[in-house]
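Structures are listed in the sections that come next.
Next, two complexes with subunit A in common: one pairs it with subunit B, the other with subunit C.
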Partner chain A sequence: MSRPFPYAYISCPCAETSVADPARKRRSRESPQKASPVKPRPQPQIDDEEDEQTFDPRAPRSNFSLYPPEQLLYCEDCHQIKCPRCITEEILCWYCPNCLFETPSSMVRSEGNRCARNCFNCPACTAPLSVTTLENRGGDQSGPWVLSCGYCMWTTLDIGIKFDKPTNIRAQLAKMTTEPSTPATRTRQMSRTFGDLKSPLSMYSSIDDQLPGSRPDNEDAPLDTSIPRTRDARFAALKAFYKDQIAATTTSGVDPGDFGSAFSSPNTLHRIMSIYTATRMTALYGSGNKKARSRPPMMREAVSANEGLAIPRPDSESTIIKRMASDDCGWDGLASIEQRSFQSPDARFVEDLLPLPSLLRTKRSKRCKSCKHILVKPEFKPSSTRYRIRLIALSYIPLATMRPLILPPTTSTSLPSLSTAAAPNLDALTPQRPIQLLLTLKNHMFDPVRITLATPSVTPGRVASKVTILCPQFDIGANSDVWDEALQSATAPDRSSRTSPYEKVAEAGKVWDKGRNWTTVVLEVVPGSLPGIKLGKAAIDSDDEAGDDSDENEVALDWSGKSQDHGQQLQPDEDVLEIPVFVRMEWNSDNQIESEEGIGSGKGLGGDSVKRELAYWKVLGVGRIES
Partner chain B sequence: MSLRHSQSARSPPHTPQHQLRSNNNSFASNSSGSTYRVEEDAVIFELGSRWLRAGFEGESEPKCIVGFGPEESRRVGDYRGWLRGTAAEQETPVRLATPDEWSRPYELWKMNLRDVDLGLVEDKIERSVRETYNKYLLTDAGVARLVLVLPSVIPHPLLSSILTTLFSRWRFPSITLLNNAAMATTAAGLRSALVVDIGWVETVVTSVYEYREVATKRSTRAMKALIQETGRLITQLTNGESQSGDTISVEFDYCEEFASRFLWCKPSRSTGQDKLADISDKRVSIPSPSDPGSSYIDLPFSKLTEPVEKVLFAQDMADSDLDDEEKPLSLLVYNTLVSLPPDVRGICMSRIVFIGGGANIAGVRRRVINEVGYLVKQYGWSPVRGKVVDQNIKKLQDLKLSRPPPPNYETAKEQTDSESSASEGGYETADEPDTEIDPIEQKLQRARDKEAVPVVQGVLREVETLGAWAGASLITSLKVRGMVEIEREKYLQHGLAGATRDWDHGHKDAKDMNTHSQIPDRRSGLRAGGDRLSWTLAGWG
Partner chain C sequence: MPPKAAKGEYIETDTGNKISRRSQIHGTQHIILGGKSIIQAEAVIRGDLFRTSSSPSTPDSKSDPKAAAGGAGNSIAITIGRYSYISRSAILRPPSRLHRGVHSYFPLKIGDHVFVGERSVVEAASVGNHVHIGKDAVIGSMAILKEFAYVLDGAVVPAGMVVPSWCVVGGAPARIVGEVGEGYGVEGAEGGMARERYRMVR
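Right, the complex of A and B next:
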């Protein structure tokens, strides 16, 4: 994982209550257990048993339910952790991340969800573009303006675009790129003929429209301004055409939906029979006007470019191929997939790329999906980073932190092999060498919490690491006033562990250390051996792991037999040692003003406190096993 | 509509009733139409096995295209995707993988659902849709109705997963399903077309006639095989020929990038050679796959056409060696055309529409058209081949000395505007006397000549489309209601199982009661008689 070791992830409990497919029950009844014998599914589909299963952090699905703890929210009404999957979001405002101007909601759609001012991103490298002048004569900024990228030195000059004014660039750009007949574009085309001949915008219907000399039949393509050239224009032409057709073929004139349905009707036998008469044919594919008086014509298809029909030129593709092969194109002259992703689908060359107006961002409030209570509500102003409501999970669930336990050189009784006091390198853990970790849970609630940890003794997956939590059940104090601790520590003698951790030995059943609102327990991990590399390693390390060798070697032999199989190769991140830990916390909380609706599932202890519990899977990333 | 009118013009005694009913029905549909007109603009998703395109109705392009690759499947907070090109990424060793394993993480589903974890598919869809709304669409998810553009064949468990995820995660009032082939046809401005979808797993050739699919043929020669072949090519380039087994050791992203930038295809087998002769000996340099940052390797430009030729057009393979599901594209198109009735064929062959990722490879479209033309010239429209057939034809020709040679592609061209003669070519029909003068036909011909734009028919012609997504956007913005409109409450009750399947029953009802009732029916996605309780999956059912 990209996070530095050690780390902790929390699996949102919503993953267990999987989506109830209304038809799934029925289906499973019809065909029970159709799992193929060759490859069993990563997770069996029986929903009822999922609760009982050990969470597997390596299952492909767990990537979608694991979240860093700081990204989770907590619903105070459901008493449950809420991940981005179990909340609904409402947009509060739209703003440009570049200029921080807020866009009113009525304008967002018409501006295409992008900044309408001068904020542009570089089409080549996505860095923000700045408006600069071409001629800087003695400080007075005048003359043509361009957008230029400070990172990759791309400018709009590369695609032959200059702006007359330094303001309202987006409108200027739209004018130049969408209306081919405007003078601006003509000058642009002119300027291109002087400069880079091979840089048309592919908005034009075909490449060879642009290349001078490659117009075989000019009379075929007259400079008719009404012929749509851009995608948008073609779309508009098609839309207008269909609208006309619908209006012309609808008898009532108020029924706009007839166009699709009239011909999908199943009494088509009749119609298909009659299609063999020639007039009907004409009515369909030509413009049958003669009989239009007596009956409304059938809808026809678009027949001319004005109506949106586009017939590609026969040599348009070979023109592209020639351009691809030309010396000044090359790999860098062709746009990458990433660059093309927000451009017109026809953009193929780097010269076809247009500067992209910055995508707007939103501020959203978040609600619990099940009870609709607001979990997060930021301030409306884009520039403000404050929140009105923010129920983050970390203020409710204990924060888990880990660090390796550095053993003193003297304690060689329990672990004879570890003689160094140096911290183990978590990025390269030695297989089969035990390490001890200190797991600290810090409580942020104002109630003391009782924690029960559970972990499978062997981690799931092929790399079986052994895990032991030395003290799985413990209490954490309340997050009381900081002064309490200070006062307590003044009176009570300070814990020896703070000052001299080396004197302690991890003991089963005992808490390692404890503070005002935190408790530390020891986790002992024996990293498993990686498949494939096992044989060589085992020979080297055999003196270290005398006890384990017998059963491990069997496994190693098993793997070595299939080493040709690619499925047996080490998968990405399979060498990461991740421990699923089931955390169950119980606490008595003060009864809220609202009477609890039984969600908290508590029998009231005393008059005003209610027993609550919360359980979830946590994944502790310890380190990467050395191969 | 003309039907409705002609029926009433014939004026059987039922006419008033018909009018009444149809008015009633159209009134009903109008009211439902007007209720959703005040709604927000519908959101349109086009979902394939690799990409999700999303945007609003009435726009010509999707707002975003989101993939389903491993980068999108990372854990939240795992930012390794941003380390691309840095030293940290260089450290990770490239693993050998079989081609299928290699491309597997990049696809959302496989048609064989047996080893697809549908839960994972649901997770991926949920995350993609959520992020699409948050990042690109910038509206509240689930407020406006949703239009889903899907391929016409999609496994039911998968469809159910998609719909369940969308309905249970957000509050979409309804989801309309649209067929991508028909949408591509609409976006080309046509009513009938031969849609060649060079997609990820399969190339699907669909004949759409009057907005309906009438024939479909599939081939596995598509982008997945092409990218895998590209991977093999680059693996060979880097490792030399010593590479053992069928494994790929370069990165998928690199190969896809390479394929999308540089793969091309000779526009035709013979004539293109001389046109592009000057470039075939050119060399281009591509970044070295092992070290894309700094070093380059040189390749002959003509080498870049090899994967395309080999995968999409099955070069160097005899027809007899090809299985039914791996026909090269040109043969697939030809076979689809042959299987069509002559009238439909004549219309469809002049309206060939290419969609899908493969259509972006320069030269592929022209090549398909040219090769189909060649096949037509060679064999006509007869699926019967072989020596004996040829001999028989020759014998027949010898017997009829006076007859002209059997009509083939050329005559089909001539018959462009005499579509009634029903002979698009083909040996059998050619024997019918063509010279008989039909006075009615002549009259009609005269009438038509006065008014009509001639129908382009019988010639091979490609028409450009704006794509299935744009078609759906167009259709939706014209307020045409989809055939399959699934309402939230009804779906949540029974899931896909709640869909009505007995279409014939519906038809019969409709015919008994009222011939027109199907029209508003279709529009509202409801069954005859305003039975609002049932909905249908139509073609997906």
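Right, the complex of A and C next:
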């Protein structure tokens, strides 16, 4: 989500430090985070003079380091801003976003990360489904129930499913979609085949028996209820089959329940691999029988339908194609790629779509990656919005807000008096017409802070806008008692100056306005002219380069960004006026535990006060330059 | 900007609500404003769609305690908390449902510090505190937006959807597309601008 102008992004310094993981680990092991000095200043690793390079908000790398301030955290141990890349997350609980019930972590895996209750999403449009009754007139709500989508009007009736009860829909659905097998016959058949195979001597003969034997079975199989037909049922059958195979072929007492451990032993792996080599072929065709018998029993593949093998009918493809081509299917009868991506692979038509149980969401706590301190810990309950620990950057670094300064109509002579009365339209700034912005920094710490702002006089990139901060160094008061402000504001004149800025003129070297814990300074910006565009009548082009470009072509904008010919094309969002500002804050913090730790830039000042500093790049998005 | 009326654009109530003279508010006796809320011009608030006591078609509704209570005086259609902001041309309409064969309205509860964008239509059952609804969004009937939910511009939240706290939803139909940061809703930052917005309106 892009923000409306004006906005302020903060660059996390982690983007400039090398992200080689081993190095990071080593460093943190040698001297956990205390010895590693605070590097708030971006330090590109290229070479030393690059240290003084200004931050370019348009550099491709900047995309990955700029964050809106509310997404940033602050580690009190590292004394650093932490972006989502500098933290690790731990899951506190799983909950369903629809019913907001928590799912215990032991259940999450078995339920497939989905809600086990009545929460379903529409397979056609992903909107949540609601349980509704088909009989809506009687006083008592009874009768068959369906899941219906309030967005696209899909119901489970479209796939011919009704429910007997309005509760525990997922279990009911699972019963319907996995086939109604009679357990007795199935287990009997299974036990026969597995029992046969458990004997190593009978293994090959049993396969040979089954291969021709299973063919005629398959012909009348569709009526046999013991044959698993749906994907889930087939998977369950396959899983059971291979579990038994592993149990049967493993001589060591490995737990057959766990595929991973069973396959991880080199012995087993060798055995599996040998299935696919000549041994199996020779074994199947009888010539290698003697040789194979001396070996431990071999695993075989599923060969029959009740073991989970699905042999598609030879004409299945053509029937699908015929159905697609038929008039009653049409385009609407086909499931889209988005719909199919959440369904079983052989779901091709809208009749094959099954309602999707809601995916669970998580609540997560966050830790600093380098020092492992907890930065964010929400309360455990899914519905709670409170935090036990929440170290957000907003409570440490000053919060910057901007608004355009509406100039009094009389003071400025250079500007046409028509447009000065109204606030400048930030979505269409006129090139070369200076605007003034009020930049307010609000301190959230309990210590007064000295701020130094620095900005390149001309913004990087081809659209060179001139920027002047009229008062680059100033103090912000402490965020002390709210009552102070309340009492002050009743009498103090700063309120009135806020409401009517017409009496004031921005002066260099002076703060515009000041409050209890905030200070406002004036930023003067001259938006640059866009390259490659014939300049308008009013624009005075001071930039030679841009002037040349404007002669060459008119409005040939190439939005593809592929062309290497600079000066011709306007790249996407190149007309956005973004100002990199380097913010350096200094304050004397009350000594807490870590006074003698020698935090890189902070040095001890006596017993109970530590001088601290924090510096970072910030990008102010002022507006879009009109073309 | 149209020329300002001599009386001023907004009527300010005792509790500090600022209500545009050009807004359309129906059934004012069924609407509760928490104070310091702003209703901009051309916003439509349908307080007249409240739950009727007992319809003649449901003689058994007296046995239902809820329906009986609805008729017993608290026929509140819309509740809006403090510092909420209803932008221009937004429509607030109580949700409705076909309940036991009767089409009945349910109250719409909007919490504190809620922002409703321009031209949005809200039919939710409840909108929690600090919820942001972008412009041109549609919140379907009986949807529930939990605290700090963020509805992107142009989203269509389907009827009956629940948006959990801190979640960002967007698209049509709306899906959860992300989460807002931990600092969301801090006073003065993104999501915490409600007081500032109130101050700017006059």
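One rule holds in what follows: the second predicted complex is superposed on the first by the 357 of 627 C-alpha atoms of A that agree within 3 Å, B and C clash if a C-alpha of one lies under 4 Å from a C-alpha of the other, contacts with A are read in each partner's own complex, and residues count from 1 in each chain.
Heads up, the rule we're going with is that contacts are C-beta pairs under 8 Å (C-beta built on N, C-alpha and C of every residue); 3 or more make two chains touch, one makes a residue touch a chain.
Here the structure is a predicted model, which is why all the values come from computation and not from measurement.
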item: Touching partner for A:311 - first (subunit B), second (subunit C), both, neither; value: first
item: Touched partner set for A:242, first subunit B, second subunit C, both or neither; value: first
item: Partner chain(s) touched by A:71 [first = subunit B, second = subunit C, both, neither]; value: both
item: Which of subunit B and subunit C A:90 touches, first, second, both or neither; value: first
item: Subunit B versus subunit C as contact partner of A:321, first or second or both or neither; value: first
item: Contacts of A:109 with subunit B and subunit C, given as first, second, both or neither; value: first
item: Partner chain in contact with A:376 - subunit B first, subunit C second, else both or neither; value: second
item: Comparison of subunit B and subunit C by subunit A residues contacted; value: B
item: Shared subunit A surface residues [contacts with subunit B and with subunit C]; value: 1, 3, 67-68, 71
item: Complex contact set, residues of subunit C against subunit A; value: 60, 98, 100-101, 140-141, 146-148, 152, 156, 158-168, 170, 173, 175-176, 180-184, 186, 188-191
item: Contacting residues of subunit A [partner subunit C, same complex]; value: 1, 3, 67-73, 95, 97-100, 125-128, 130, 136-139, 141, 149-152, 361, 366, 376, 382-383, 385, 387, 390, 392-395, 399, 401, 442
